[in-house]
Each structure stands twice: as C-alpha cells, then as structure tokens.
Amino acid sequence: MFETAIQTFTSPVVLFFVLGLLAAFVRSDLAIPEAIAKAMSLYLMAAIGIKGGVAVSKSGIDGTVISALGAGIVAGFLLPFFAYAVLKSFGKLDRINSGAVAAHYGSISVVTFVTAVEILTGQAREPEGFMVAVMAAMEAPAILSGLMLARGLGNKDDGQSMGEMFHEVFTNSSIVLLLGAFVIGMVGGEAGFGEVQPFFEAGFKGVLCIFLLDMGLIAARRMMDARAITWRLTLIAIFLPLVNGAVGTALGVGIGLDAGSAAALGVLCASASYIAVPAAMRLALPEADPGIYLTMSLSITFPFNVLINIGIISAFAAYLTGGTGVVP
Amino acid sequence: MIETVIRKRIEILADTQLQKRVTDAIDRAGITGWTVTPVTSGKGRDGHWREERVMGTDKVFVLTIAAEDKAEVLAEALAPMLTKYGFILSMWDVQVIRGERF
Amino acid sequence: MIETVIRKRIEILADTQLQKRVTDAIDRAGITGWTVTPVTSGKGRDGHWREERVMGTDKVFVLTIAAEDKAEVLAEALAPMLTKYGFILSMWDVQVIRGERF
Amino acid sequence: MIETVIRKRIEILADTQLQKRVTDAIDRAGITGWTVTPVTSGKGRDGHWREERVMGTDKVFVLTIAAEDKAEVLAEALAPMLTKYGFILSMWDVQVIRGERF
Amino acid sequence: MFETAIQTFTSPVVLFFVLGLLAAFVRSDLAIPEAIAKAMSLYLMAAIGIKGGVAVSKSGIDGTVISALGAGIVAGFLLPFFAYAVLKSFGKLDRINSGAVAAHYGSISVVTFVTAVEILTGQAREPEGFMVAVMAAMEAPAILSGLMLARGLGNKDDGQSMGEMFHEVFTNSSIVLLLGAFVIGMVGGEAGFGEVQPFFEAGFKGVLCIFLLDMGLIAARRMMDARAITWRLTLIAIFLPLVNGAVGTALGVGIGLDAGSAAALGVLCASASYIAVPAAMRLALPEADPGIYLTMSLSITFPFNVLINIGIISAFAAYLTGGTGVVP
Amino acid sequence: MFETAIQTFTSPVVLFFVLGLLAAFVRSDLAIPEAIAKAMSLYLMAAIGIKGGVAVSKSGIDGTVISALGAGIVAGFLLPFFAYAVLKSFGKLDRINSGAVAAHYGSISVVTFVTAVEILTGQAREPEGFMVAVMAAMEAPAILSGLMLARGLGNKDDGQSMGEMFHEVFTNSSIVLLLGAFVIGMVGGEAGFGEVQPFFEAGFKGVLCIFLLDMGLIAARRMMDARAITWRLTLIAIFLPLVNGAVGTALGVGIGLDAGSAAALGVLCASASYIAVPAAMRLALPEADPGIYLTMSLSITFPFNVLINIGIISAFAAYLTGGTGVVP
C-alpha cells in the first residue's frame, strides 16, 4: 500500500494533477484555454480508442473478452440502481437529481481509466488491451438506467420519445469517437497504426499531464465555489467509488481476469463520468443540477480515485489474485 | 437620411446542449434567422460556472431579430424552457435597415 | 445619481474577411472606436453556417457606440454593404457614462 | 400574451485581468448574476488592440440584468473604474420574462 | 484498381475521414473546436512547406522542376476557363458564381494533395519533393483567372483596384505560410530541419487524421444542410475533378514526370480549394454564394477525390507510364 | 560575430520569427488563433520548467547554483531602478508608466531565454540546467520593484494592500506553472521525465517555431499601429537590453559561471517580459498604458534581442571568459 502511494505520487501525470489542485487553491489565475481542453479530451479518446482497437486486432476476441464485455455492460447498467437508492435515502436528493448522479457513477471516466493504466503499468500489472473495449461499452448503459430512474420508463417528457433518447445517448460525441477510433484501430491493425503512432502514442502521456493539470484546476475551483454539496453528498462521493471499485474488482477476478485487468474493471466501476454524462444529462435531464453531479463526480470522486482509490483497488486486485499489493 | 424600421431583438442565454431547442423554436415562429455567440462564464442563483466546455455544461447566446408579432410568438414558446432549464431571455426594440428581411 | 447621456449603439454582423471594410467605415464616420466580438454560427435565408473558421467564411459582430449624428453617417455608409454582402445592422439608444468619449 | 417586465441591461467592456473587480461590484450591488462573453479586438483613443490573450491584456464583456435601482447602484460603483481603467459601460431597458429573477 | 481501393480504405487517414462523414450522418454532436481546426490547417501547411523546401534543397532546381512549375502555373491559370464554361452553360450559374466556383477548381487543396501523397507513397509511387513547390505555385493563378472571369479585367468594383486584388491574393495567409515555410526549409536544409523534425514530421500523419475527421464532419453537415446545390452542380463537382485529373496527369507524363509525380500533378488539377480560395472569394467577390462554392468543393469534390479519384488518377498515371496500376 | 549572425539566421526558430515579421509587414492576414498561442506559451513554460527541474535533480544544488540564483534575484530587483531613471529622465515618461516599463525590463522573457539556449547550444555553449531556476527566480522581483517605483511603498491604491499585491504577483499563472513544472521535474527526475519526454522535449523546438511565428506577427503589427512610442522610447528599448545584457553577462562571469551560463544570465537581464508582466501590470497598475510597455518590450526589445543582441551577448561572454566569440 505505502509503496503504491509513493508510486502514485511520483508519476508526472499525478503530479500535474496535484499542481492543478494547488494552483486553484492558492487562487492562481492559471487556466488552459477551453478549446485546448476540449481538443485534449478528444485526442485522449481517439488515442485510447485506437490503442484498444489495435490490441484487440492482435489478441482477437475470445471468451475472456466477451465475458469482460458482458460484465462491464451489466455492471454499468445495474450500478446506478444501488447509487440511486443511496442518493435518495442517505443523500436526501430528489428523484431527478438522484437519477442524474447515479448515471454518472454507473458510467466511466476515460481519464481515470487512463491514469489507472499508467499507474498499473508502473506496477507491472498492465491491463489487457481489450479493457478499452470494456470501457467504451460501459459508457452508455448507465445513462439509460439513470434516465429511467429519474423519469420513469414511459415518461415522454419534453415530447422526447425513448427513440430520441437512445439516439442522443448513442450519438454522444464521446461514444462515437471512442468506438470509431476503436474500429479504426481494429481495421488498421498494428501496421496501419505504425504510421500515426508518434502522434497518438508518443504524445499521449504528455497530453494527459496537461489535461490533468486542467482537471485539477477545474475540480478545485468548482469545489471552492460549491454550494449545493452537503456533507452527506461528500460522503457518498467517496463511499460509492470504494464500494463500486471493490465490486468491480471482485467481479473481474470472478470472471477470470488477471490482476491488472480486474483492477481496471474495478476502476471503471469506481470512476464517475464527468465528460460524456454531464453533457448527456444537460440534454436529456436539464432539470437536474450540474452543481450537484459535476461537483460530486469531478471535484470529489475524481481526485479521490486518482490519488487514493486506484492504489486501493490495485492492492485489492493483487490480494484477490494472490499477489502482494506491491511491485514484484 | 436612411430609412430604418423597428424590430425586436431577442437574446436567449441557453445551454450549448439545448441550443437546438431554442433555434427550433425560432424556426417554428417563422423568423428568418438567428445568430449564436459564445459565452465564457457566469454566475446566477445556482452559483458560478466557467471552463465547462469539456463537460458540455457551458452556455451560448442565441440572438434573433424579428417583427414584434413573431417575437411575441417566440417568447410565448420559450417561456416554459426559461423556468425549466434556467434560460434567460431579454428583448428590446432596435432600428434596422432593410426591414423586409426580418 | 450619476449622470448618463444617450448614445446610439450600432451592431453589425459581418464576414470576418470583410471586417476591415466595416471598421474603416466607422473610422471614416469619425467615431472614436469599435469592438469586435466572435460569432459561432447562424442561420439565414442562405442557410445554416457553422465551423467555417478554417474556410475563412465565418462572421463577427462589430459594435460601436456613437452620437446620433455620427451613427446616421455610419448607417448611411454601411447601407450598400448590407444588401451586397449580406451584413446585418441593428442600432438602439443606450445610456453611457463619460459621454464625452463617444 | 406573456407578461414581461422592464429591467436594465448593463454591459461593461473591461480588461480580462480586471474582470473580478467588475463582477465583485455586481455582487456587492445585490444583483443576482452576470454573464461574461469574449471580445476579439478593438480600437479606441489608445489605438488598436488584438491578439493580446497571450499577453493578458485582452478584454471581455460583462453583462448583467438588474432592476433599475440596483443598476443605478452598480453604475455609481463602476464610474471611477471607467475613467481610471478605461472601461466602457452602456445600459438600456429590456423586457424580461420571469422578472422576479432579476 | 481494386487493390488500390482497398489500400485507400485501410489508410488511417482515410478511415478518420470516413468516421467524420458517418458521425455527421448519424447526427452526432462530435465537433473539433474551430481554433484547433484552424491551427491544424496552419500546421499542415507549415509542415508540408518545410518538407518541400528541404526536398528541393537536396535535389536542387533542374529542368524538370522548372517545367513542372511552369505546367502547374499554366494549368492553374487555364483550368478555370473550362470550368467557367461548364458552370455557366450546363450548371446554369450566373457570371459571379461561375467565376467563384471556377477559381476553386483551378486552385488546389493542400489536404487532398497530402492525402494523395500518403496513398501514393503506400503504393511505392512517392511523388518528388518539388511537387510541393508546384502545389504552392498553383494556389494563386486560378484566383486571378476566376476573378477576371467573374468581374472582367478593368472592373474596379468596390473601388478595389487590380493592385489591391493582387495584394490580397498574394498575402493570403495560406500562400504566405506555404511559401514562407518552403523557403525556411530550403534555407535550413536537412540539417536545420533535423531540429524540428519530431514536431513537423512525426506528428504529421496524426494531425492529418484528426483534421480529416473534422473535414468529414464539416463536409457531411454542409451537404445535409445544402440548399443551393442542384443535380447539375453535383454532376459538375464530380465531372471536373475527373477531367482535370486526367488532363493534369497526362500533362505530367507529357513533361516527363515519373508516375507518382504525374499523379500528384493530376491530383492538384483535380482538387478544389476549400481553405485559401473561399477566404479570398469572401473578400474579393462577396456577392458570390459560399453555399455553392463551399458545398461543391468541400462536400462533393473533396470526398470524391479522397475516396475514389486519387485511386483512379494513380492507376491512370501508372497506365500512362507503363505501370500496372497496383502496388508492384 | 559574423559567423554568430549567420548561425542565428539559419536557425529555423529565428527564421519563423522573421517570417512572422515579414508577413505582418506585407499586411498578410496570417494569424494563429489566440487559444493556440496561449496554449503554446503554457506548453513552453511547462516544458522548460520540467527540463530545468530534471537538470537540477541530476546536478544537485551547489554553491554555483545558489550564487547564480542570488545574482539573478538581486539583478531582477535592482535593474528596474536604473531603467526607471532612464525612462523618467531621457524617456520623459510619467511615474506610473516609468515604473510599469521598468518592471518589464527587470523581469525576463521565457521565449527570449529559450531562443538564446537554442542559439548558444548551436555554438557549443549550452547553459547549465539550473539557469532555468534562475530564470524562474527572476520573474517576480522586478514586478515588485516596478510597482514600488510606480506607486510608492505604503500606497494602498484601489484598497489593494501590499499583501494582495504579493499574492497577485506570486500566483501569476506564468510563475505558478514554471515553478510547478520545475518541482515536478525535480521530483520525477530523469526516470519520471522519460515518460513524458516525447511530448515535452521532442515537440519543443517545433512549438517554439510556431510560437515565434506568432510573436513575429504580433510584434510587427503592434509596431505598425504604435502611437505612443517616441524616438526616445525606441532608443531606450535598444539601449536597455544592451546595457542590462552586458551587466548580466559580466555578473555571471564574475560569480564564476561558464561562458554559456553567463551569456544566459546576460540574456535574462537583457530580455524584457511580454507575457507575465503585462498581465500583472494590467491588474496591479491599470493606469499604465500597454501601448507603451508592450510595444517597447515586444515590438522593439524582443526582436532586437532575438536577431542581434543574443549574438552580441554570446560573443561578449566568450570574450570575458577568454573564448573566441565563434563556434570552436
């Protein structure tokens, strides 16, 4: 555990995140232009998509891949029900906001996943390439269950039919880009990827550093401005990633994944979306308050996952698979 | 002296994600056009927002120039969204040249 | 209570490429200054435009505050461009402080 | 016909670096909110500016909608900055829906 | 032909373009920030300019280079006359719009050229480095002939003199950047270029992928919104690149270029500008309708060239030079 | 001297700067989007910070480092007093503007420094890594002395206390990013830096090229628009970098630095800030005229330093340390 923490905190990626948090806390005016931040998030999604596609083009799709995909989709769809119950009872949120927040916690955060892959790789527990496909598959199901929880199934609010809702969820830019790049990676394979490798692979960690710097700034500023966040919601924003992370890791080990991949599944379950889902909620559930869901997912759960929970999940995965929890 | 006519200028502050609902309402009101301009940050009863483009929770201004009757229709159509989605609408009289366009 | 004076505020929606023709007209009208703000997208009789910065066919708002007489001169000077280049001009009265500036 | 009320719309052109002084004044005037929009370039008595974002000498528009009395308070509070920092303030009457918000 | 098509469609560059088209067709909200798109287009022009300059600094300027430059300039100047005739008679456009569209088809598209170089290189028919100089030289002449056709020679519309027109055309940002980077590449040579190679060369294909993703999005969206485009104009937007491509390729073979370079000249003639010329037309011919010229060049001709016509031109060049039309 | 000038003018970095100047002078519409320019300046600061931190993590902090830091801080604090005197007497500026301009000349320009490092390295006189720390340390002191000169010490203008002023100066985004990246570089060391090396090091010179292209455009445009600049101020904007450069170089040699590092200290003293200090002045001294301080630092001193003065300083440092002034 302790060595894991040290490793986490000497990774440049994490250090830039901490720099962002600190800069915001001392009220520096440091800011990344929004167009750049948006471009970086698109770049990270395209790069991770290609990487996963190339990996799957090499490994092929076997039983493990299919059960991992299945486990991810089921987890993504079901986790919001638990989150919803907690948010409504202990969190005292109304139905709409409970559903919206639950969708965030069921879905995934690409950047948390990517950071976890960096840290796990540093611990010689690199997750399998197909986990990117699992990640992509887990983006949407939670949005559907969250919306169902918030609005009820038949409810045609705003004249918006279920069909329109499905369309909006599945043409969400994150999902289209992630899946599209994944398919391109599969079609192009290692040979085709070689040509664009310097751009999508060599630059990846550096871009991740700057993106996390920005996310640190935004998360901390949002935290300092937060109004709608009670201590109950703060607790939930730490409790849910702990529980979901443990569940996901155990599930991963249960279906026979190696320690790294099981930890990655754990991180996917533990992570809360703050790119794809807020945009989807603003569209499909505009009555819900971004001051609640964004602050919880981005300002509490995201730093908690990056700084602490990835280490816990990694150790837990190692423990479950009989490892030691530290680098071999 | 050049001839001008009076039209209503309507500005709606709306979520980027919901921009299409506003422009659809403008189209349905039979207004010839609209223009969207960017917004950087803001503060309201729900607190301060900024740097939200990555999260897709940022806002835009949609502005349109229309004859009074169509402006009325539009305001009527948008009123429910103002309350429900937290949009802001303001409108005022402006002089325009080539009034037949609007 | 602070003293304010009435001035005209004029806003012109123009092509980015032709911005200089508008600001030159403002300078020629003897107005002290102008400010340019960005525009994201729009729809008019010629259809919908957006994402046209790469192609150089995007638009901007040029706005200027001026005394009524100079505003008249400007509107007169811009009128031909409105028709020919598809610019849009609207103007209205505003209160300003430090009226001697405008 | 939908009910509208009259409010003041105030727009301040200010340096990006000094934006907080403007929004603090708005908060102190008891106004519920404000919105910031970007500015690309401009010209005034001190010459032409543009492309100044890297240097941190660029500008923004801060706009706020408020009841007349609060608008007065704000204008009063901002007046010294107009002269000293070269801000520009203009305000005019607008119709708004949901007047209780402002 | 068939293998060529396969090669085209497994190139990541083309796949990203197709992803952009598809994403727009399913009405996804995927979008690249405009500042980023603009920056990518500047990057591509600087990179291609440097590359060409370095190539010429190595090869020197000989008779072939000079005849290629001459052929390019003459073709660029004359092609609009043919296009104008077709647009006015068969296309039923007025004089102003015919001239504006003709200028686009006489000038060149940097991105089409670059994509063609990628594809031709994949077919072991890499064009010579000096073809970049030919490309740069072909940007402006068509603008001049297009303006002459639209406005007549002596016409001082808007009080704009011929001198002003020349100034605007030759200080166009694309031309200045392309030529400037070309000269920098020539002055710096291989040694100077080594320093900036990782930025301008290693990242090139990746940036091209993302730029084509964006162009796919924009082209397809513009297509779906198109109002002013008749079936006649659609036909012309496919007919002109076919004819101009064949003419250019034959011209290239005629002046003694190798198959790759002749194909590149064909692609230059076939391609229609959608970056430099629309901006120039907005300035010099604001009465012309961008809904016509942009939709034709960007939404019809550009995809047609990238997906189909480059393959045809390459096969034609191989045929004319006695090759087989497929990879050796 | 002459060879140095040749070297300067064949560096692609300098050539892009010249291209920017020329493009603006022929009134081309070439422009880099502002969000990109801002992002490039942040990138350059992060990259240079990391590089310096890694260098110091290798070399450690010894007596030379400490005396260089001390010399830099003292010079940064004191140079504005001399500049202020010249600006007020010969330059005929008022107190406020004299103080504001003096702050710019006491502080440093990251890009001038970086360009100098490129050029010095090309002359086999690469400055030591810790000079980046010296640069970071020299950013703020001049802002403080400049403000003191402009406003007097006790003056609580705008209700702004000294404490607030210190806060604003030290949380300035440039300073936070430069120091933060420096610390990250030190913590991560060479091992941690390896991961992000392709992004921060391989891309560095290319980004610098494009950034200098933009600075050339902006500097020349500002020059052509300049109104408030008299011939007296123009002279001062050339005189100050000459004097400060000589003083700084001599100081560097005096405290025992090698020729490259002494030249770097000279360049730091000679350079005038146009990123961090204008922003700080707009905040703390809004009555001062950016038309004076930006035009002097960006449009006169910056090109003078890049094109001429770096060469002079390098030769002077070589002369003082017994070298020849040209590449060995």
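First chain written, first letter: the chains are A, B, C, D, E and F, and each begins at residue 1.
By definition in this document, a residue touches a chain if its C-beta (ideal position, glycine included) is under 8 Å from a C-beta of that chain, and two chains touch if they have at least 3 such contacts.
Source: prediction; values computed, not measured.
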Farthest chain relative to subunit C (centres taken as mean CA coordinates): A
Relative to subunit E, chain with the most remote C-alpha centre: D
Interface residue identity across copies subunit A, subunit F - same or different by half: different
Distance between the centres, which are taken as Cα means, of subunit E and subunit C, whole angstrom: 35
Euclidean distance of C-alpha centroids - subunit D vs subunit E, Å: 45
Distance between chain centroids, defined by C-alpha means - subunit C, subunit D (Å): 19
Per-residue overlap in subunit B, given as positions that touch at least 2 other chains: 37-38, 50, 53, 92
Overlap residues in subunit F, where contacts from two or more other chains coincide: 29, 31, 33-36, 38, 198, 202-203, 279
Subunit C-touching residues of subunit B, taken from the complex the two chains share: 1-2, 4, 7, 9, 23, 27, 32-38, 60, 65, 92-98, 101
Contact footprint of subunit A on subunit B as seen in their complex: 15-18, 46-58, 84-86
Partner subunit B, residues of subunit A touching it in the complex: 31, 34-35, 37-38, 41, 214, 217-218, 221, 225-228, 274-275, 278-280, 282-283, 286-287, 289-291, 294, 298
Subunit A residues within the subunit E interface of the complex: 33-36, 38-39, 42-43, 46, 50, 167, 171-173, 176-177, 180-181, 183-184, 187-188, 192-193, 195-196, 198-200, 202-203, 279
Contact set on subunit A toward subunit F in their complex: 10-13, 15-16, 19, 22-23, 26-36, 198, 202-207, 209-210, 213
